[in-house]
Structures are given as C-alpha cells and as structure tokens.
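When the chains are written out, they are named A, B, C, D and E in that same order, and each has its own residue count from 1.
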Amino acid sequence: MAEILLRAEGLHRRFGGLMAVGGVSLDVHRGEVHAVIGPNGAGKSTLINLLSGDIPVSSGRVTLGDRDVTTLPPNRRAMAGIGRSYQKTTIFQTSTVHENVRLAAQAHSGHALRLFGHVVNDHAVNEAAEAAIAEVGLSTRSGTIARFMSHGEQRQLEIAMVLATRPRVILLDEPLAGMGQAEAQRMIALIARLKEARAVLLVEHDMDAVFALADRLTVMADGEVIASGTPTEVRSHPAVRAAYLGDHGEVA
Amino acid sequence: MAKLPGATHVSSRFYRIALVASLLVSLVLPFVVPVYYVQFLSKAMLMGILALALNLVVGYGGLVSLCHAAFFGLAGYVLALTSPASGGASIFITLPLAMIVVAAVAAVIGALSLRTRGIYFIMATLAFGEMLFYLFHDTKIGGGSDGIYIYYEPEAVIAGFRLVDLGNKTHFYFVSLGALFLTLLFLKGLVGSPFGHALAAARDNERRALSLGFPVFGLRLAAFVISAVIAAVAGYLSAAQFGFVAPQMLGWHLSATVLVMVVLGGLSSLVGPLVGAIALMGLEEVLKSLFDNWKLVKGLIIIALVFLLPGGLQQLGALVMPERGEAPDTTGEAVEEKAHG
Amino acid sequence: MNAATFAVQLLNGVQYGLVLFLVASGLSLVFGILGVINLAHGAFYMLGAYLAYWLSAYTGNFLVALIGGTAIAFVIGLVLEEVFVKRMIGRDHLAQVLLSFGFILVIDESRQILFGKDVHSVPPPDWLKGSIQLTELLSYPIYRLALCVFCLIVAAIIFFVIQKTRLGMIIRAGAENRDMTRALGISFDRLNRYVFAGGIALAALGGILVAPVSTVFPGMGDGMLILSFVVVVLGGIGSVAGAAIGALLIGLTDTFGKVFFPQVSSILIYVLMAGILLWRPNGLLGKQGH
Amino acid sequence: MSKSDLIIRPDRRRFLLGASGLVAGASAFRFPTPAIAQGAPLKVGLMLPYSGTFGRLGQFIDNGFRLYAEQQGGKLGGRAIEFVQIDDESKPESATDNMNRLVGRDKVDIVVGTVHSGVAMAMVKVARDTNTMLVIPNAGVNEATGPLCAPHIFRTSFSNWQVCQPMGKVMFDAGHKNVATITWRYAAGQQMVDAFKEGFTAAGGKVVEDLAVPFPEVEFQALITRIATLKPDAVFAFFAGGGAVKFVRDYAAAGLSKSIPLYGAGFLTDGTLQAQGDAAEGIKTTLHYADNLDGATNKTFSEAFLKKTGKEGDIYAVQGYDAAALLDIGLKAVKGDFTARAPMVAAMRAAKIDSPRGPVSFNKGNNPVQDIYLREVRKGQNVKIGVAGKAVDDPARGCRA
Amino acid sequence: MTPLLVIENLRSFYGVSQALHGVGLSVGRGEQIALIGRNGMGKTTLLRSIMGLIHDRRGEIRFDGASTIDRQPEDIARAGIAYVPEGRGVFGSLDVVENLVMAARPGRDGHSNWTLERVFEVFPRLHQRRGHGGLQLSGGEQQMLSIGRALMTNPDLILLDEATEGLAPLIAQEIWAMLDIIRAEGIATIVVDKDHRSLARVADRMVVMAKGEIAFDGTPAALRAEPGILERHLGI
C-alpha cells in the first residue's frame, strides 16, 4: 500500500447550529486520485476548505505525512505542501500566464518576500514557472493575459499555479464545472497525469470524469461519509443508490 | 482590478525622456523662480512623497487607508518635541527617531485595522487617525489645538561640518528633491521585488495568494508600516520646512486630499501619485488666486474626477498618445455571481 | 461624586448618546442598504445646524426650523441620490470615499456662500427655556430634557419603522439578502433613494436638535462624522440596534471620561473601539466572519 | 475590488473641452509683480479672522485700524497706504501658508494681525525669519513679546499674563479661597489660567481643579456638572467669542451663577453681552478696557467709530486703532521712509500713546504697559468698578532683546 | 393559447465559465414541470436565469409573451414569477408574519387570492410559529414559509428549487401535497428535486438536465419507458 500523504480524522465543522461536516475521516495516498462525491449540501466543499485550512475545523485532525497541520492557516499549509484549486476559477485575471505561475513559484522559492531585486530576473523562479506551465500544456500561451483565455485554459492555468507551489497533495474542487466536452477531456487527461508522485483529492459532479479518474471514492451525504471504497464497490452500495436515485433498497 | 506591477501603459521611451526632462527642469527651477515658489515646490514635492507612500498601500495593496496624514503629522510632532529650545536638533538622530516612532505606531494601528475588511478598514483607519489627531489636539503634549513651533530647523552636521542649511529655501528644495528621488527609487525597487508582487497578488485575490502560501496579513502589515515610514519622512521634512506642526497635519482631511492626489495621478503607476500631488497642489494654488470659494471648485473637480476620470490623469495620457498592448480595462470585471447551478 | 450628580452626569451621557444615535443610525442604514460609504454625513449634520439657525432666525419659530430643515435635507438627499450616489453603487470604496469628500467641500463652501462662516447660537423655543432645579446647587436646562425626550421619540419612530412597517421589513430583508429581496419584486432603486435621503435627514435632524444647546460653527460636522463612524464600527454596519448600543456606549464613555480622566478623555473612545475591534472585528451586532 | 460598469469612459471631445478650460484658467493666473516703484503706497497686510469664531473680532480690529488711517487722510506717517487683506480663519495650520503668501508673494511691507494666539505664533515665526515688521492687535500669547520678542515685532493689545495675573489678588481679596478654573485647552487659555493662578496662589488662594475642553468645543455640560460637585468658592473662566456666549449661558442655566460667582478674563463678556443677556449679569472680569471709561480720547474715538461703522466700539476696535497709531508714530519719525528700520523701531518703542483705554507705553518686549481694570457686568455693560493693577508690565520672560 | 413561459437557446455564464449551453423549454399555464438531473448540471442556474439573477444570460426568455431576457429580477417578479430558492432564502431577521407581509402584492391582473390568512390556512404550522424569527424555524417550516412567501406575491409561475432537500419524509409529504394545491389554483411550477419518484407522481412533464443542456423532456410515463435515462443522468 502506497504512502498516506494526507489524512483526515474525525473532522467536524459547525456553522451556527448547522453541522456542515460531521465526523469525516479519509486518507489520500501518493499516486492516487481520491474522489469525493455526494449530493448538494453534502459538505464536500466544506471538507476541502477544512483540508486546505481556508476554514478552521471545529474538531478533528488533519495530518500531512507525519505532520499535524490542523491548526495551520492556509498559507502555512500551502508551504507545507497542500495545493488547491477553487470551485470558481481563482487566478490573477489581468496578468499573463507566466506572471501568474511565476508568482506561485516565487511563493516557494525561499525568498518569497524579499524587498529588493526584480522578480523578472530570478531565473530559478522563471524556470520553475515555465516547467509548471509546460506540465499543464500551456507553454504556447505563456505570454497571454489570463482574462483573454477560455474557461478551460484558465482552469489549466490554475492547476499550473498549484503545481508551481510544488505540492505533495492537490485538492481539486469541481475542476470540470462549466466546461465544454473537449475542454473536459483535456482536463481529465491532465488530472490523470497529476497523480504521479502526488496525492490528488477530487470533488466533482461529472460522473464520467469521476469514474475515469478515481482510484478510490468517498461518498458524502448530509456532512457524513456514507460509503467509501473502489468505484465498483461504491456504485453498488445501497446507501449511495438511495442518495442519488432515491432508491430505498429496491431495484430501479 | 489593476494590473500587477511590471506592466506599463505608456511607452518606456517616452517615459524615460519625460523623466530626464523633469529632472533637468527640477534642478534649474529653484534658481529662476521667486523664493515663494521655491518654497511652494518643496511643499509640493513633500506632498508627492506622501502620495507615493499612500499609493503603496492603496494602489499596490488595495487597502484604502484614511490615516496616513496621522503618520505624516506624527513625524512632525516627533521633531517638534525632540527639538531643543535653544538650537536645532540633529537630523541624523531625530529623523530616524521619527521613522521608528511612526513605524511602531503604524504597526499597532495596522495590526488592529487589518483585522477588518473593506468599509470597516476605511472606518477603522479613519478613527485611529483621528485618535492621534485628538491626542495632539486635546492634550497638552504638543501645544493642543494651536500646534507647536520648532524655533530652530534641524541641523545636518557631521563632525562639525554642516552638509546643508535647512533654513535656506534653496537648500531645502534640494533636500526635498533628494528625498523624493530616493523614495521613487526605493518604491520602484519595492514594487518590482518579490515582496511587491506578492502584495499586489494579495490585493487582486486574497484567497489565491493565501493558498499559494503568501502570509497575506504579514505582507499587508509590512507594506502598511513601510508606507507609514515614508510618510514619516515627508512629515518630518514638512515640519522642518515651516518650523510648525499643528494637529490638522494629522487630520483626515489631509488624508483624503492625498487620496485625491493618488487617484488623480492614477493608482496603477509608480509616478502617478507624484504627478497627482503636483497637479492638485498647482490647481489649488491657481484656484486660490482666482476664486474666493475655491474649495467649491475643488470639490466639483473631485466629483468630476470620480465620474469622468476614474483612472486619473493617466487616462488623459492614454487619450493623447497611443498605447502598447490591450486597452486598460477600466470597466472592471464582470460581476461575479455565486454558486453554480 | 454623590448619587445626584452621578445621575446628572448619566443624563448628560445619555443625552449625548441619543443625539449620536440619530446621526449614526442614518449613516449605518445607508451603509447597510446601499453599501455606500458616505463621508459627507457629518457635513449634513453641520448643514442641519445652519438650517436651524437660518430658519429660526427667519421665521422666529424653532418648530418650523425643525420640520423645514429636516425636509430640506431630505430633498437634497433625494437629489444627490438620483444624480450621483445611484451611480456609485457597486463602485469600489475608494470612489465612494472621493465622491463624498467632494460633497463635503461643496457643502462646506455652499454653506459659506449661503450662511457665511460665522458662529451662531440658536435660541431654544420659548416654551422650553429655563431650567429645572435638580439638586441643591444644580439645575438642568429644560431644553436638554426635551431633547432627550424628543430623541427617544425619534429613536422609537426609527425602531417602529424598522421593526413594524412593511418598509422596515423590506429594509431589513434587503440588508440581509439583496438578491432574494429583488426576486420578490422589490425594487431597490426607490428603496435606495428613500434610505439615502432618510439617512441624510437624520444627520440634519441631529444638527438641528443640537443647535440650541451647542453653537453652530463650520467645523462641527467633522467631529460628529468621526464619532458616527466609531459608533458604526462598534455596533456593526446596517444594524440600528447596534448603532443604539454603540452611541450610548460612546456618550457615557465620553461624559464619564471627561469627569474621571479629563486629560485623556478624547482618547478613551478610541481605546474602546480598538478593544472591540480586537474582540469582534465586525462590530458588536455585525455579521461575524466574511 | 469590483468596479461597476457605470464608469463613463472619457472621450477625446470631453478631454479637449476640459483641457481648454484649464488653459483658460491658468492664463488668468500670473506671477504677482512686486511694486518697486518709488513713492508707491506702503503695503499693509491685514491678516485677521474675518470669519469663524473670531470673525466679528477681526472685523472690529480692521475697522479700528482703518478709522485711524482715515483720520490721517488715508495716510500713516505721511505715506499713502494700500491694504492687502487675508482671512486667517483662526486656523493655525494654514497660518504659515497665509503669512508666507502675504510676505513672499504679495510682498507687503508691514503685517498687522491677528486674534488667535496660535495663528499669531506662526506669524511671529515667519516675521522673524523674513525680518518683516509685525504689529499684533490682539493675540496675547506670552511668547510673542517673551522668548520670541524681536525689535520689529510689536503688540498693541495685551499679554495673556498681563490681563489675568491681577485677577488673582482681586478674587482672593473678595474672600474666595478655593477656586476652580475652566478654559479651552489651547495656548491662550492655558496662559491666562496660569497667570491667574500665579497671582491667586501668591495671594494665598488654592485652585481646587483646572477644567478644560478642547478648542473650540462648546459642550460644557459635563464640566458644569463637575463644578457643582466640586463646590468651589468661585470659578475663574476664560473663553471668548461664541464659546464665551455659550459658557455663560450654560453656567446660568445650570443655576450655578446664583451660588458660585463667576469671574474671568475680560473676553468672557466683551463683545458678547448682547447674546449673553441676563446670564452675564454680575460677572466680574479684568481687562485693559471697559465700556464706560470716561477719558476724552475714548469719547471721541467711540463717536467716530459709531459714525463710521454704525456699531459701538469695543476693545478690539481700540487695539486696531492703536496699531495704526503706533505705526503712524514710527513712520512719522522717519518721514515715511519705511526702509529706515532702526530709527522707526526706536520711535515706536519710545511711543506714549494716548489710547482710548488710557495711557499706553511699551516694555522691552514691545508689549504695552497699561492699566488693568476690574469690571462688572451691569445692565448689559462692562462697567469699570476699579483698577486691578496700575501700569501693569508684562515680565517679558525669556526676551533677550 | 400561447405557453406561459418560453425559453429558447438560453446560454448563461459565470464570468468566462459557461453554465447553460443552449436550453430550450416551454411551460404552459398551470403546468407543473419537474426538473431533475445531478448536481452541477445547471438546474439552479436555469431557475436563476429565468428569475434574472444571473447577470450574463443570452438567448431568449418570454413570459406571457413579453421578453424578460434584459429585465431586472424585480421586474420579472412583478411580471408574475416567484422564486423559492435552494436553501429557502428565508429572512432570518424577520419573523414569520414579516417574511410573508413584506412580499405581499396582488397578482398582475389584480387578483389577491393569497393573503396572510390563506397561507396560514394552508400551512397551520406557520400560524403556530408566527412570531418566531426566520432562522428559528425547522427546515420544513422554512420551506413552507418560503413557499408561502412566494404565494403572497400571487404569481402565475413558481420556481421551486430543491423542494424537499434535507426534509423529513413526513414534511416532504406536506410539500408534495402543497404542490397539488398550487396546481389546483392554476399556478404553473417548475420544481427541482432529487426525489424523482414523487415528482413523477405530481408533475405533468419531466425534464432532465445534463451538463447545461436538456437531455430529456417528456411525460413521466415516457421517462419511465426509458429507464436508461434515469440511470445515466441521475445515478452514479
């Protein structure tokens, strides 16, 4: 069994009286895509935010490798090796692709906040940025201003930025949302490549993509895990069918 | 959303020619205009430094601060309170002291205000700035509402040798010019540095900057303090120029006026605020001599600026000369909706 | 300090807080509904005081000044909203700050052209002149008592409008969820206009009411603006109840600060604000988190 | 930060319109040319508050000054004069700017001003820096004729010390052993109260508390309640203009005037009695002037002033009047040759003015030496009821002239 | 008779991301349409687009013959469409009565079939809890309140998103019963819910959405006849 890179144990998150995530435990291994699915309001996005540190947990533990990162703020978790994409594309719209990714590479260059020296002249950072851009296949678009690119390209760019932070774990929140067919296919291929040497946690509604990509699946409903396992196991799980098709034990 | 630093609108050749020309003019000017205008120009340059400082926070940091006059004035009070009664204080001791005091105060105000967002940040900075105003206005520390006088301008003496005479209007002019030049140089380096880029990134998308690993709060606090320290240099020199500090130097009307300068010059460029400062000061001087109710005109001009030239004078520049690359986007991003269906 | 003078100081603090509440609640409502930051709020307070002076000198009747001044301010608010503020909704705060700073200059200079720069005092109406003996030594001006009562009435009206009328329900709904309110067929164009004008009118009303106990002078709006901001920071944007709590806190802090710590009294308010910002960055009754 | 799409994009036409407007505006603005021509009128800069809290005071000083000049046929010392007027609005923060504008841009020869002490300080500073002749017709700030004294800086009014110090003994002698003071927390208020305390404690009295509100705040209610708590034998107050009106009225409205008598510097009831009405009755103050002074000079002055302005003259008008008289003496001594600074200053220093207030001479700090009267408000008039100090001379502490 | 609502080639965008890729749909007067499909397929976006809450929407929407594609949400609401959003959108700072009263408005033809009394009659639970704040209500009560509030505007069409999400089965039954009452009033509805079985019992037509398009549009019987569609678009 491959090394566990990210582990969540008994995560809880309350918003006022609402239990958005209630006792979720899961782990993500190196070299696998672990997909989290479930109906609306199941708590998938909250789970990702708890793992990335965007929202603090009410209780529970998050470990990255051997390190307990539960109380770290999002920037410290990013430095520790957790990269993420957002449901809504989150890039710097008025900068070029290269500038976007360079910024990400800069954050992990060891002198992220130096007060002197122009960033344009930092060769190590520039190379790291170009490598990440190449990995997502945007090399030819390096000089394009982000806002003039298609939605699919913007999402690729966002992943390039994540890659430039040299993450060990990548959290993807609905990477296919709002994409056309062709764009979606490109993105699926890209995500499949990402898992090499990294751990990927994927939240996605597009079941074709989920089944094409996921090595393991966790199904959430009402803030809790209702099933977990390989895609085939999950597909036939009665609780999952009930959640999705409204089956209550009966055969459709 | 403004551009990340690095992208200039106006062609760099024109930029360079303009820079050299204005440098030459500024070197000659004090010898050809009456003393009153030499003084006026010094004052305008000091305001320019203040505007440049503010723009680090507003333009590059995306944080609308309404307390920068307080840092400006506080530095003046430090000079006033440390000036001996019977001679000039040493600039080499009191200037660094003023910068340290302001840095400390800015660190506290910044740390508190930066806990808030948007409108709250504006209000919090406004209120803390006014707190400093009232500290000097209502207590005996600095002469109360009358302000306090610096009877002898600070001395720039090293080992018995007097470098410049700050009491001499021409000398003072060149000291201001030098300070301005150093500020520009420093800020140019800063906005191009990793720090500057990270700061701009936090402005454009705080969430993303955080998830890339940038410590946004610390970044902003550092920018806030750096900006306050530059404002302190301007305030110190302003106090030295006229030998007088009053609480109004710390008041929010000055903060707002400097904000007008910044917007007038254009947020997204380095020298914009300087241009804005000189333009507004010049405009005020003209208006004062033309109208009794010149502030009415000033108010109308500010209102017009908001609606007609939201990008500042830079926008005028864009009309007069062709630009490189795509047109700057002044209409902003489409309103982002929440939640997918 | 004995119990009687303590009670009088308490009354002083409450009276100050009540005026502050009137002005600050207008500011808070405009924030809450329009999302617009209005630095010119204090200028309208000043304008109200000058209108009180002008109208009561002209008509010799304070009641006319009270009603007329508030009405004039309301109309000015309607016009400003229609011509300028409407275009500010959704613009960044920086533009709003500048616009309202422009307003301040224009209002200040217009006031100077219309009423001059002089300091005036406004006589309270005859039937409210005189004082009531409170302690052996001390009497209390009737107008100040009447001011308290009137402010309480206006505050009650504000709370009634906000809590009991359909307009108030819409205002609260709008501050909470703008999209949903629109989807129920409620137009914000009109709502914005009336809320803005109402906010302005409250600022002016504050100025009018204060005119007889204070002097009317050009810079009077500035201090009030800052205090209103502090009230809103303390109470939370858009919350009328928050404004009430914040205003009373400040009124009492200021009054007792002057008595017990005269040297630092004006700083105390800000110390209070800093403390509350540390504890609850979005104010006592503001929505926490973002 | 999101910007809405409501921003109007500028177009070239609108830009050109605006630009042409600016050019037109700028062309109307010229560098002022200094008047160098021989025999040109003497330029007198009047830097006074024509608006704000002290607006009325500035206007009276201005009228007093002009009245004297008119009586001399529009000339001073035989030299024609021309006025440049600037409203200082009693704002210290713009004072340096205003003074620089007068001296640097408008090139006035003599500056007369002002009322507000803080503003006067800025004027003194610029006057010292630029060696400009300055006559102060009101501001009593001690430093102007103390540590900052200079041969070319004169005062025709009073020093803060001078007006209040004699009151200390007066109050102690009236049987008030414990006194509270109240004033604005600014230089003038501080100096007046300090001078009073100097005289009062020297006589054996005790100040129980110093109360102060920030200038120009007028919310006195909390402090008046405080006074009622303290129950002093009497209160010494310094306020002026609108603040004085408000304080006296609030004090009476709180019922304190019946039990705790109010004393003050003369400004508390000068130029304000009409607005104060009955509330001011019985207040005792010290000042270098009173409404019913019976000297002949005062009589003619009052008549002339009433004739010119339609208003009753007051101390401010007298101070302005005397400022012109002092300059007249100086210029006469040098036959209008303003450049002969030394003999002119010497003549002014030695001047003995027969002022409407009584005889006035000058000390080493160029501050007037004069009688300080004790007055009481009776039927809306500041009636002289005695002399608190005869030929009171400010100690001019710190003056090295 | 023309249909009440006609949608042609509707495309909706969030910034550069396209959520609807050319939706066509028509709703007759008094017709009850069930809208189903997995999450993220565009159901909510479609309802929000109809309501005018999505700023960037292209194509054509006509309601009662008049185009609403360029109109503001408040105008669309006044034209006779009411919206019950996912999560109910109940105003927490208003109590039950206030939530209802603030929305009250006669219908476009002036009828006022729905009054406070009528809503309380239909939802007696709301009457019991009339003084409670919106957020003190249970999920089911909030949903009743949200539906009641929509009815108070006397609409011709109600858009009901996630009708029974998170509700106990008994409460869900009440909501389904409510849909029958609404239909009896002649009010058209578009209902989104995961419970396609219950929907099939109350709806006139079943519409399945997938990836921003309409994948199926037909009667419940027609949908039953093609079980693959459900498995493909709803199952996993």
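In this section, a residue touches a chain if its C-beta (ideal position, glycine included) is under 8 Å from a C-beta of that chain, and two chains touch if they have at least 3 such contacts.
Predicted, not measured: the structure shown is a model, and the values here were computed from it.
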Practice task
Quick one: how many steps at least from chain B to chain D, stepping chain to touching chain?
Solution key: 1
Fill in the blank from the handout: Computed over C-alpha atoms, the centroid farthest from that of chain B is that of chain E
Completion exercise
Rounded to the nearest Å, the gap between Cα centres of chain A and chain E is 33
Exercise for the section: Please report how many Å separate the Cα centroid of chain D from that of chain E, as a whole number. Expected result: 76
Completion exercise
So, in whole Å, the Cα centroid of chain C is separated from that of chain E by 43
Completion exercise
In whole angstrom, the CA-centroid distance of chain A from chain D equals 74
Practice task
Pull out every residue in chain C that's touching 2 or more other chains.
Solution key: 87, 90, 93, 95, 112, 266
Practice task
At least two other chains touched by the same residue of chain B: list those residues.
Solution key: 1, 134, 137-140, 307, 310, 333, 335-336, 340
Practice task
Scan chain D for residues touching two or more other chains and write them down.
Solution key: 1-4, 7, 214, 216
Practice task
Write out the stretch or stretches of chain A touching chain B in their complex.
Solution key: 52, 54, 73-76, 78-79, 83-84, 86-88, 90-95, 99, 103-104, 106-109, 111-120, 122, 145, 147-148, 161, 165, 174, 177-178
Fill in the blank from the handout: In the complex, the residues of chain B that touch chain A are 1-4, 6, 189-190, 192-195, 197-198, 201, 204-205, 207-216, 219, 222, 326, 329, 333, 336, 340
Handout entry: Parts of chain B lying in touch with chain D, wherever the complex brings them together
Key = 1, 34-37, 39, 62, 134, 137-140, 143-147, 149, 151, 167, 203, 242-244, 246-249, 286, 289-290, 307-310, 315-316, 319-320, 330-333, 335-336
Problem - Residue ranges of chain E in contact with chain C within the complex - result: 51-53, 72-74, 77-78, 82-83, 85, 89, 91-94, 98, 101-105, 149, 153
Practice task
Quick one: which bits of chain E touch chain A in the complex? Just the residue numbers, please.
Solution key: 14-19, 21, 38-41, 86, 162, 165-166, 194-197, 211, 227, 230-231, 234-236
